[in-house]
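So the structure is just underneath, and the comments pick up after that.
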């Protein structure tokens, strides 16, 4: 069984350590360990996002005018083609015209990217973004 | 009343126009106009995201282990402090341990950023990301 | 022979066209055509940067303290291994301690990346960045 | 006098520590300390780049066809307006037509950005990029 926590020491220039403290405070982390762990995970998410077959989680965020003819039917049809990649969909009303639809997705990085491309290029989409994150498996904490 | 569409002409080097066609096809846009409109909107979202008082929409995506003691209580408590900025929350189960929580948010760019910082620095969060998009108001289509 | 310029028309929502004008003025472009061409080229540089075998130009920027023992010898030694990829090197003195060395590089995207990784991980480098751009061949204007 | 090095310990989940080792090896860092210091500096450069009055160093990279009428005269004229911000300029020939000009710059982040905007919007520039880095002062090592 693995120990609950791994403790190791880091050597750093004293001024850099001071600045790490400034950054830790500015961002609101509890301590250096938490700030460093956060940076390491950010690097890892970025590292894996460039490996097409690596399984990632993420969101696709779409903003559109729901009055746009035929738009929602097309979005739904694409979503069905990628049904296995889409966990859930949240739909919110921004104002009388505008909707934001957020899809929680997971799958190999390259397939998730393909799904995002298909959705964001649908005629009538005002803005679409793909955000990649971890499935959590890589990071036990 | 404004016309439904504005038509204007663009001068471009012939080789650049050819490459715009390659890009249009590779990404899956219907035509040059749609590809260009997409690029203009991307630039605008980025432009406004750097103006702290401009109203933006967006998502905060958080991945965490729901077994982590006290984590959900803290997230909920922060969310209540920013209640007016949060439109809706989607919570999905990635596996036995891992959850992804996606908040649909809106408000002045700088406040939305502050909310994201507060949430992503909570102890136990494996990865947190802020994605900014448009409220749709800027773009009628 | 190709014509010197290609003129085509773009359809866009009138409000988006207005905002394109705002952006054009804010960034200092002469007109819409120039602003759009700039966005298209930005997208293309990004598109090609992800194709490992595509030939790119770029810079590697390194900041370091020249008093750091053995650092310059190591940098020079790596640079010789990648001699064919390095066109020229500019070395400037930032203050009594700090130097910035900027390498103008060209070659397949993946090799240029490898060179940048080798250089930025040398012990004593304070900060290293790779910037990719075009060799100009893709864009006649 | 400050000690030459500051040693402190970090707590991390064992699996995350293992993955930090994978990342350290993949990028070519000598050890965990060096990889972590690198991430901290990257975060700091980004942090300071968003503070307009903070002094930064950087490069502006421009690619253009030197046959383009009047282009070089305009570039030179803008460079003289910002003379105090430009340390040195490197000019390389990419092929018969294309040049890459790299300016080593320093000054408050917002002024350096303004200089880059002025230069990259000059008619005839095929691609322009601003890269920000540290003046080295923040990081003694």
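Which chain is which? They are A, B, C and D, in the order written, and residues in each are numbered from 1.
Heads up, the rule we're going with is that contacts are C-beta pairs under 8 Å (C-beta built on N, C-alpha and C of every residue); 3 or more make two chains touch, one makes a residue touch a chain.
Please read these numbers as outputs of a predicted model, since none were measured by experiment.
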Chains contacting each of subunit A and subunit D, listed by label: none
Rounded Å distance between subunit A and subunit B, as computed from the means of their C-alpha atoms: 10
Mean-CA-position distance for subunit D and subunit B (Å): 26
Residues of subunit D engaged with two or more neighbouring chains: 41, 139-141
Category of the chain touch graph - line, ring, star, complete, other: ring
Interchain pairs in contact, sorted by label: A-B, A-D, B-C, C-D
Interface residues, subunit A side, partner subunit D - complex: 2-3, 5-17, 19-20, 23, 26, 32-33, 36-37, 39-41, 43-44, 47, 138-141
Contacting residues of subunit B [partner subunit A, same complex]: 27-30, 34, 38, 41-42, 45, 57-59, 61, 63-65, 68, 87-90, 92, 94-95, 97-100, 102, 104, 106, 117-118, 120-121, 123-124, 126-127, 129, 131, 133-137, 139-141
